[in-house]
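Okay, here's the structure, questions in a sec.
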Amino acid sequence: MSFRHWVILLPLIAALISCSAASNDKPGKKHTITIAGSTSVMPFTEKLAEHFMVDHKNFIVDVQGGGSTAGIQAVINNTVELGMSSRPLKNEEKRLNTITICYDGIAVVVHPDNPVGDLDLDRIRQIFSGRISNWRELGWVDRRIDAVSREEGSGTRGAFEDLVMKGNEIDDGTMVQDSNGSVKEVVATDPYAIGYISMGLVDKKVKPVAIAHVSPSIKTIKSGRYKLVRPFLYVTNGELDTKSRRFVDYVLSKEGQQILRNEGLVGFYD
Amino acid sequence: MIDRTVLKEHLVKWVLVAFALSSLLFLFLIFIFILAEGLPLFLKVGLNKIIFGMKWAPTKGHFGIFPMIISSFLVTIGALIIGAPLGLSCAIYLSEYAGKRTRMLLKPAIELLAGIPSVVFGFLGVIYIVPLVRNYLGGSGFSLISTCLVLGVMILPTIISISFDALVSVPRTYREGSAAMGATKWQTIYKVIIPSAKSGILASFILGMGRAIGETMAVIMIAGNALKIPTGILDPLRTLTGNIALELAYATGDHRLGLFSTGVVLMVIIMILNYIANFGIKRKIAK
Amino acid sequence: MRINPRYINRLVRMGLNVQAYFTVGILIIIVAIIFFKGFPHTNFAFIFSFPEDMGREGGIFPSIVGTIQLALLSILLATPLGLGTAIFLTEYTKESLFTKFIRFGVESLAGIPSILYGLFGFIFFVIKLKMGWSLLAGVLTMTIMILPTIIRTSEEAIRAVPRQLRIVSYSLSASKWETIKKVVIPAAIPGILTGIMLSIGRAVGETAAIIFTMGSSLRLPLSLMDSGRTMAVHFYILAREGISMEKAYGTAVVLVLSILLINILAYYIMNKAIARYS
Amino acid sequence: MDTKIATDRLRLSFGETEVLKTISIKVHKNTITGFMGPSGSGKSTLISVINRMIDFENNVRIEGDATIDGTSILDGSINPIELRRRVGTVFAVPIPLPRSIFENVAYGPRLKGTSDRTTLHHIVEDSLKKAFLWDEVKDRLGTSALKLSGGQQQRLCLARTLALKPEIILLDEPCSGLDPISTAKIEDALSELKSEYTIILVSNNTKQIARISDFSAFFYLGELIEYDTTEKVFTAPSETKTEDYIQGKFG
């Protein structure tokens, strides 16, 4: 065989090997559960899946992002078994089943160096609608406020609009990022930024702001004093099939809920 | 025996026809699909309200993308302001001043720059350019100026390699003729070489613009993606490409159609630029 | 006041020098930053182990495999299609309005931003054809994306083959296809290969079109219907979500190194081709 | 003598321009026939009808007929590929294919389906010997044909044509770019070959035609002016144009 033939054949062989690896996997024995949707719910579902697969060796849980809407869409199309949503279903989606797995607080976050530590909902509303645009108005330096929001259609944004904006529009000059992680990253690097993210993602890189003297925490959410809370949902088309039921049962079990609690979320039973 | 070769020829021809048709089908599918998904909204909402509309809130029925069109052009022109002089001087240096060995070393090095994935540029922009702008110029750093700086670097390889080709293809006799009349090297370049390579240089700028206007991931990392038309170089902004990439995953119904309309506008702009660069200008060179 | 033109000449020369080296300096700085920051985190284990905790720990093995799968499969699809189209356009059609139309289409599509391919691929393959985020949807999208490049480079390479070679082959009783197979394609192969290498580079470096079609699952894609991440997507997510800067730099090193390698290979092939015909 | 190739009132035009004006000629078997005439006389076009390479030109209109062994070669049922196995061609400029010497010569036989290595080797050796090239290249059959000198390349092209085992060999000014020594070698080869083949030699070089051809035809502006034995044409031409051409008054 000449060199030319090899040039053509080698990639072919390599590709075949890499693809046929699947068939060596005894597909009959493995159950694959595909989950897609909200990028807010995704990291926690991934954690759950990692733990789940340790105990359930014959299961593969495939977790993908895409956003609440795309996840719900995928459930309707039956391309995934479970959808993840960080917003309540819209009217036309109501025929789907929902399973609340936990509750998540939305934390308003600023840079750790920012001395502003307490705002009320009104102030936050004014910041995001552009009526307050300088940190001096909040008792800090004379510097423009770099507000960061999520993109149109995001579940977190939807919840934030419902819970905080209450009919006021988010200003067009507000920066927009397309995931919790990137909002956090902007706030973590820009000392003059303010944004809102899922409470479970808050760590030492950003500082959560107390809202009317109530800091976001599992305790304040449980007691009902912290108001920026939304449910995390799994969505299915009709009844759960047996393999997905195994996973959902695990998520709602003591062990699963403890994992979510460790991540800073509020359990379904709390 | 004869019949077999004739048969084989026909078979091959039809296989090739099938290949050509399916790849053309593939290619036109994307054109037609984007148009088919994007145009209905223009009819429903109105061309004016989309192209000249100031408000983008697709879940509430506003589909104005005027600010993004303006922002796309702003970053593109900004990138050109940074990239064009640098790129052109680099091309002039390479074609007129550099020795053969320098050229052999620099040309591929610059072409390698074109191969570095745009996300890497975006990432370095976020890590180095954005804080620099924030600390020394003010604002959040996610801004027009940061975006232009990064895009300006990203379009350098395009500008350099295409204008280099244009400069090199200027006939030697022009240079010799000019030198024979006592012109210095710079006078020759300025008065003879650049004018005769003008079309190629212009094409390189336009193709560079095409690359800048089409860039997506690097831009959403750096631009801040605010919906307003920026009023200063430190304001954040959202481009047409950024709009699609940010909202695609979440969009349904009219919102999704709105993104396709954004895509249609983007496609039209790019095609006009390509047409100018490839057909308008190349034809001039041919003359 | 008139300044001596010789003086201007020297000044310009200096200015151009500075700008040229400044430009090259940018390249060196970019590569240097990535390598300095990334090399300490790049080692054998990093390349061959699986990511843990969303990529905060562990390696990038699945994304390397995903990248290779995506690039190879889309090249395998796009090369015959693109080469076949190029052969058809150059050898089987006469220059007409139809071919001009096709060429304009191919030319325009070559310049279309990748996000539009992502938009198309996501709605068409992922949603309308119900493929979901999958290697298949990614490969198909990438195939369409690199097709114009392959068609254009192959067409140019085939056109550059001297007409006399074809005539000689015909005179020796070769049929059209035999001539194409035995004379035209072998003579054009360096140009065709360069196009293929460029396309591989594009597939490896692409993010916008891939993230919406192949998805971003961290698992090793084992079948065409599995979702997966390429290195570029993995890097994008690590960097943008601030998951781990060390791992992001490490991924960038592997990514940039592979792109450099592909480019150097393409350059080498091209030079060989030039040497062969001059 | 047997007629190998014949044309009957053959007319050919490219678009509006008539290149061949009613040509009728009979070429005899196992002879060398020289076609001469100034450029634009139509001699090269005529041979491109015989090997059907004319198929690759655009806007061609042909009337009349051309036959080999009495069978029409312009008929639609004729397979031009099959025909070109019977009619070999050597062009003015030597154009080796960009592959080895061996593979250049083996190109035709391989196309016919011969793939056995020893058979191929025999054909290659035989053809190269007939073209007077074997001794010069026998030790480097694997090297690129592009490395040969111009004269060697032209003999390689001749060998490549011989390897097809044709009945007819058409040579279109094969020595126009060659030095006298290479020319002599090719002429020697041709003289040896005529016992097996029917050869048409197109040339502007009247001395060469006189040296090696048995019959000579003189073309001028698409017309066949004179056709007879070489001896007759060169010693007692019946047309003044022929005489002027042979004496170098134009051309």
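Every chain is named by a letter (A, B, C and D) in the order it is written, and numbering of its residues begins at 1.
Operating definition for what follows: a residue touches a chain if its C-beta (ideal position, glycine included) is under 8 Å from a C-beta of that chain, and two chains touch if they have at least 3 such contacts.
Being a predicted model, the structure only gives us computed values, none of them experimental.
Enquirer: Could you tell me between which two chains the number of C-beta pairs in contact is largest?
Expert: Contact tally peaks for the chain pair B-C.
Enquirer: Quick check for you: compute each chain's CA centroid and the global CA centroid, then name the chain with the smallest gap between them.
Expert: C
Enquirer: Per the centroid of Cα atoms for each chain, what is the distance between subunit A and subunit C, given in Å?
Expert: 33
Enquirer: Can you compute the centre-to-centre distance for subunit B and subunit D, using the mean CA position of each chain? Integer Å is fine.
Expert: Spacing between the chain centres: roughly 55 Å.
Enquirer: In angstrom, rounded to a whole number, how far apart do the mean CA points of subunit B and subunit C lie?
Expert: So the centroids are 16 Å from each other.
Enquirer: Mind pulling the residue numbers of subunit A that touch at least two other chains?
Expert: Expected reply: 65-66, 73.
Enquirer: Find every residue in subunit D that makes contact with two or more other chains and list them.
Expert: As it turns out, subunit D has residues touching two or more other chains at 81-82.
Enquirer: Mind pulling the residue numbers of subunit C that touch at least two other chains?
Expert: Within subunit C, the residues that touch at least two other chains are 175, 186, 240.
Enquirer: Okay, in this complex, where on subunit B does subunit C touch?
Expert: The contact residues of subunit B facing subunit C are 5, 8-9, 12-13, 15-17, 19-20, 22-24, 26-31, 33-34, 37, 85-87, 89-90, 92-94, 97-98, 106, 108-113, 115-124, 126, 128, 153, 156, 160, 184-187, 189, 207, 210, 213-217, 221, 241, 244-245, 248-249, 256, 259-260, 263, 266-267, 270-271, 273-275, 278-279.
Enquirer: Flag every residue of subunit B that touches subunit A in the complex, lowest number first.
Expert: 55-59, 67, 126, 130-131, 134, 138-142, 220, 224-228, 235-236, 238, 245-247, 249-252, 255
Enquirer: Given the complex with subunit B, which residues does subunit A contribute to the contact?
Expert: 65-70, 73, 143-144, 146, 151-154, 169, 171-178, 186, 189-190, 192-193
Enquirer: In their complex, what parts of subunit A are in touch with subunit C?
Expert: Residue list for subunit A touching subunit C: 4, 7, 11-12, 14-15, 18-19, 21-22, 25, 34, 36, 43, 46, 50, 60, 62-66, 73-74, 77-80, 179-182, 184-185, 188, 205.
Enquirer: What part of subunit D is in contact with subunit C in the complex they form?
Expert: The touching residues are 51, 53, 56, 81-82, 84-85, 88-89, 91, 93, 95, 97-99, 107-108, 111-112, 157, 160-161, 164.
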